[in-house]
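Both complexes below contain subunit A, partnered by subunit B and then by subunit C.
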Partner chain A sequence: MTSRASTKYTRNAIWFVAGGLLLFVWVIPLIWAVIVSLKSESEVLAYPPSIFFEPTLQNYRDALFGGVSILPSLGTSMIVSTATTVLTIVIAVPAAYAFARLNLRGKKWLGFYTLATQMVPPVGLVIPYFLILNKVGWLDSYQGMVTVYLTFSLPFAIWLLVSYMEDIPWEMEEAAFLDKANRFQTLWYVILPQVRGGIAVTVIFIFLNAWNEFLFAVQLGGNTVRPVTVAMYNFVSVEQTLWAKLSAAALVAMVPMIIIGIAAQKQIVKGLTVGAVKGGGRR
Partner chain B sequence: MQLPPKVGIGRQRSGLFTGERGFALLMVSPGLLVLILTTTFPLAYLIWSSFQNINLAMPFLDGFAGLDNYRNMMSDGRYWHAQQLTAIYTISSVFLQIAIGLGLALLVMQIPAGQWLFRIMAILPIVLAPVVVGLFWRTLMLAPEFGIVDFIVRVLGFGSVNWLGSPTPALISVIIIHTWQWTPFAFLVLLASLASLPPDIYEAARIDKANAFQRFIHITLPLIRPAIIIVVIMRSMIALSAFAAIFAATGGGPGTASEILNLYAYKTSFVELNFGYGSALAVSLLIITLGVSGILFHLRTAKRN
Partner chain C sequence: MNQASDNRGRVTLRGIRKSFGSFEALKGVDLDIEAVEFFALLGPSGSGKTTTLRVLAGLETPDEGVMTLDDADVTYAQPGERDVAMVFQNYALYPHMTLEANIGFPLKMDGVPKDQIPGLVREAAAKVKIDHLLHRRPGQLSGGQQQRCALARAIVRQPRLFLLDEPLSNLDAQLRLETRVELKKLQRSLDVTTVYVTHDQEEAMTIADRMAVFLDGNIAQVGTPEEVFNTPRNVDVAAFIGSPPMNILKGHLDGTKVSIGDYAFNLPAAVARSPGEVVVGIRPSHIAIAQEGLPASLYLSENLGESMLLNFDVGDQLVKVRLPEVCRFADNETVRLKFDPGHVHLFDPQSGTRID
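Moving on, here comes the complex of A and B:
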């Protein structure tokens, strides 16, 4: 009786320590950002940092509708991320199908090539892309930005989808073959429904990575194409940083990602693990 | 360099239909074509430009440079410094991520219920944009006096530290920021890996009177070693290409105190407008990245056999 009670006590203590640690270290910056975003700029610089204050939504109003509104940038990020995601899936699904299930000469080397393209550091791409897009006149254009985003989304998508497609039992394809389905029909009616989950995971990862991208966005974008990760810099300057407005803008920009993260938590963890078990994966 | 054996391509039964190579080629060619155009062509361009003088500030000097950029690199103290920082940054942040992530995963494994709560909390840093993480830490966490970390350190009586404004703390800070954002990744993958282990082997060990530490060293660790190696590979690649968080937090400064190779190549190209030399720096980073991944993949295959 006593020993069982003390085991339970130990368990609860572990619970408490682990929970406290995780909460404190990983959630506090976000919670603090929320608190700061509800303060006035002068309240932010009170010392010691205040917990009790008159909350205001002014920062959100300024970030969204003020002089340096991030609203157009949210639209830009949406367009770029969506276009990248759609284009990537359309190109990656057939390629992954061929890699995973078709009789293809040199498959091993093509697979290795795909994996290698995924490891290229972005700074090694932003330099030539700046020079190339400058020559072509595609700097600060949607087509240029989406092209550049394909460099990280496409290899990643092919790899993730290959690992999902490999898990489909061969019998299903054999059955389709016996039913005289051609290859396209097999892909469309047999394979695709089976990898819906895998495609969903891939979509989530691509969209997240595209939305959060910064290096290409800041260097290859401009006044026409300014994703929200770049627009946030409007609130940071050498002379002063508008903490409260920055926090509000950053939170607005990150809310879609946080919602996706929490809603698709299971799929994201699965995607991370599939990548980890099979190799590859940009994040 | 070898493909990891578990990857699967070319390993298993080929397709049902022989003589359908044409269809396979049709499926795979758009993807390959786009990959070649979007990644390989720019890389070839990068290598070409690393043998050129391309300086947007002094375009009249542009032209073929031969090995000049690489020769300059060898005698460039700032380059070797950046390389050293890259090594410190990558090794320490990956080590910390694995150590803390594994520790937390082992801890959370002990909790009978509510693991989903921890998984949700761990997802949060992962889905944030690195540039946002850098900005949050620069202002809300590390700013002298008003940042939480500095506030706590002051309350504890250590005095205020200029975290991002003095050399050693700045380097430590960018390592901490990276570790903060990506430890949950290691945690989640290792937690999943731990959860997939069969429970009966522990029973056998318990009957043999192995204590918790022995069980960890002799049973758990060998079983999750593949997962650990994969996390090391993935995290090393990301650490080697880390940019946005450092850019937002310190910009590589103060001076060059947190300027890893990435930032040096970036600044040389886009601030000093010396694209030729910047390209050479980026090529050296590329070689380092491929070399490290080759070694790590080799390690993985060797460990498996």
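Moving on, here comes the complex of A and C:
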């Protein structure tokens, strides 16, 4: 008994140390960014680096309210990411339901086509997208940026949601049909509440991707639509890089993502813990 | 909300065929179910009973044939248009809703005024004794309670037709016996035509007013449990019904005289058939051990507590005998089996149909 308990203890300790090491490696850049953001620009470049310094919030003040404030860009990123996420969910939910449940002609090919769009490297799409948007006059516009983001968020969201919907037992839906619900009511009252967790996961992924996107933003945006990922480059120029302000801006840009992550976490857990049908359903 | 009346829920199926790919699940099913009847669809796995139930529900559209419900053709009607309710084998409760919302869901979809729903839900829940659990979710209930919730959801809007797909199969043996009795009581009090799918013949025999025996995509026999048990229409039904089922032996018929090997006995009445080969069927409880009779050696004896089930080697086949009291036999002991001539069934060796 004792030896088994001690083996278990040792094993737990090993896991704990290994996990801690991994976490440490992952979290180091973040800690470094926090430290840099609290230093003055001269302290950042001091050699050897100072461990003890007087922390200042001046960089945050400059990044948010200074001459090259990122606040308008945060607003732009919020609009683009929110619009992309909302439109993606509105279109992807019924599409995923159709893929999961309906007997559509050519469903297999349509599914492959949807997936195939994910296989094209984004850099190969920049120039075609630029030409298309230029032609329709949507360069440096919200509708242009959101449309481009939809082209890669939609296939991803559809495929993620299909897997969640396929996990719901058919009987659940058949029961709803017999209870006189039509297809839309079945989707709304029976299917959607059960894939809440999947939708939460999808929302996070889509929002995160749109928020972090740089390549298309820098090529297809401009002065009107300048997301925060592009705006941060105001602190990087040929003559100098303002590391402290850049770090402060980067950390501020992370805040919405962290909030959304925490908010959605509850939904994800909830979505994973429901389940009543024996031998089926997401528990 | 229609009140149940005595003449609701008459079903006819005519020439129903249904295939899934190359598998022919139903090969031309004809069936009449009377109003307010408790009707069982009995058969082994893959015999077509569940497919038939799904056709009744509208969840499967037949490839051929016609279904009517109260004289209206509903062959192609959607499930929601038929006013039928179903209890699924796995209950299919909505896991994210409380019991109250689960039971109230069909009412909500049916457009019942909001203020009437709680009362009707409570009434239905009380009938299956779960009215104290209404605030819980399905995941917080035992299997038996979930099953009751599924029943309540089905009866709450008083459907024309009440369909049950092996509703007791997920319950433990004790609970199954209790629920069986309650189901029958419930059906009587509701006066709703009920179609019940089961592979458990004891369940079908005890619960149903009439039953259909499904074998290999066809209905082999329709009748009351007594008719099916006492006068099986063919060898296949005879070999399926009964626990254990009937012994089937090769024999010879001449007038009233039936002989199996060297053993012969006389039937109580003559059979209108020229002398020749027949298939003899006899239930294990209609065989006795006697001084004279068919020689048999004991292969295995099974003590069932209240009775004894003996397996005898007779020639190249096993004959099962059920004795009303427990007694001891030595292995390989040779005895003589005497058949009760009044309970012998004869079948045609070619077609398998019953000879009366």
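The working rule: the second predicted complex is superposed on the first by the 237 of 283 C-alpha atoms of A that agree within 3 Å, B and C clash if a C-alpha of one lies under 4 Å from a C-alpha of the other, contacts with A are read in each partner's own complex, and residues count from 1 in each chain.
Here is the rule we go by: contacts are C-beta pairs under 8 Å (C-beta built on N, C-alpha and C of every residue); 3 or more make two chains touch, one makes a residue touch a chain.
Just so it is clear, the structure is predicted and the values come from calculations on it, not from any experiment.
Contact with neither subunit B nor subunit C is seen for A:66 once the two complexes are overlaid on the shared chain. Looking at the shared chain after the overlay, A:108 reaches subunit B, while subunit C stays out of its contact range.
Of the two partner chains placed by the overlay, subunit B and subunit C both lie in contact with A:174.
Legend: residue contacts after superposition of the two complexes on their common chain; A:190 is shown touching subunit C, with no touch to subunit B.
Once the two structures are superposed, subunit B and subunit C can be ranked by residues of subunit A touched, with B on top. Where the contact sets of subunit A with subunit B and with subunit C meet, they give residues 174, 177, 275-281.
Every residue of subunit B that touches subunit A in the complex is listed here, in rising order: 1, 3-4, 6-10, 12-18, 20-21, 23-28, 30-32, 34-35, 38-40, 42-43, 45-46, 49, 54, 104, 107-108, 110-112, 114, 116-132, 135-137, 139-141, 145-146, 148, 151, 180, 184-185, 188-189, 192-193, 227, 230-231, 233-234, 237-238, 240-241, 243-244, 247-248, 262, 265-266, 269-270, 275, 278-279, 282-283, 285-286, 289-290, 293. Subunit A makes touch with subunit C in their complex at residues 169, 171-172, 174-182, 185, 189-190, 193-194, 196, 274-281. Here subunit A touches subunit B in the complex through residues 11, 14-15, 17-19, 21-23, 25-30, 32-33, 36, 44-45, 47-49, 91-92, 94-95, 97-105, 107-108, 110-117, 119-132, 147-148, 150-151, 154-155, 158, 162-163, 166, 170, 173-174, 177, 183, 208, 211-215, 219, 229, 232, 236, 241, 243, 246-247, 250, 253-254, 257-258, 260-262, 265, 268-269, 272-273, 275-283, going by the rule given at the top. Considering their complex, residues 57-59, 78-80, 84-86, 88-97, 105-106, 109-110, 137-139, 141, 143, 146, 153, 170 of subunit C touch subunit A.
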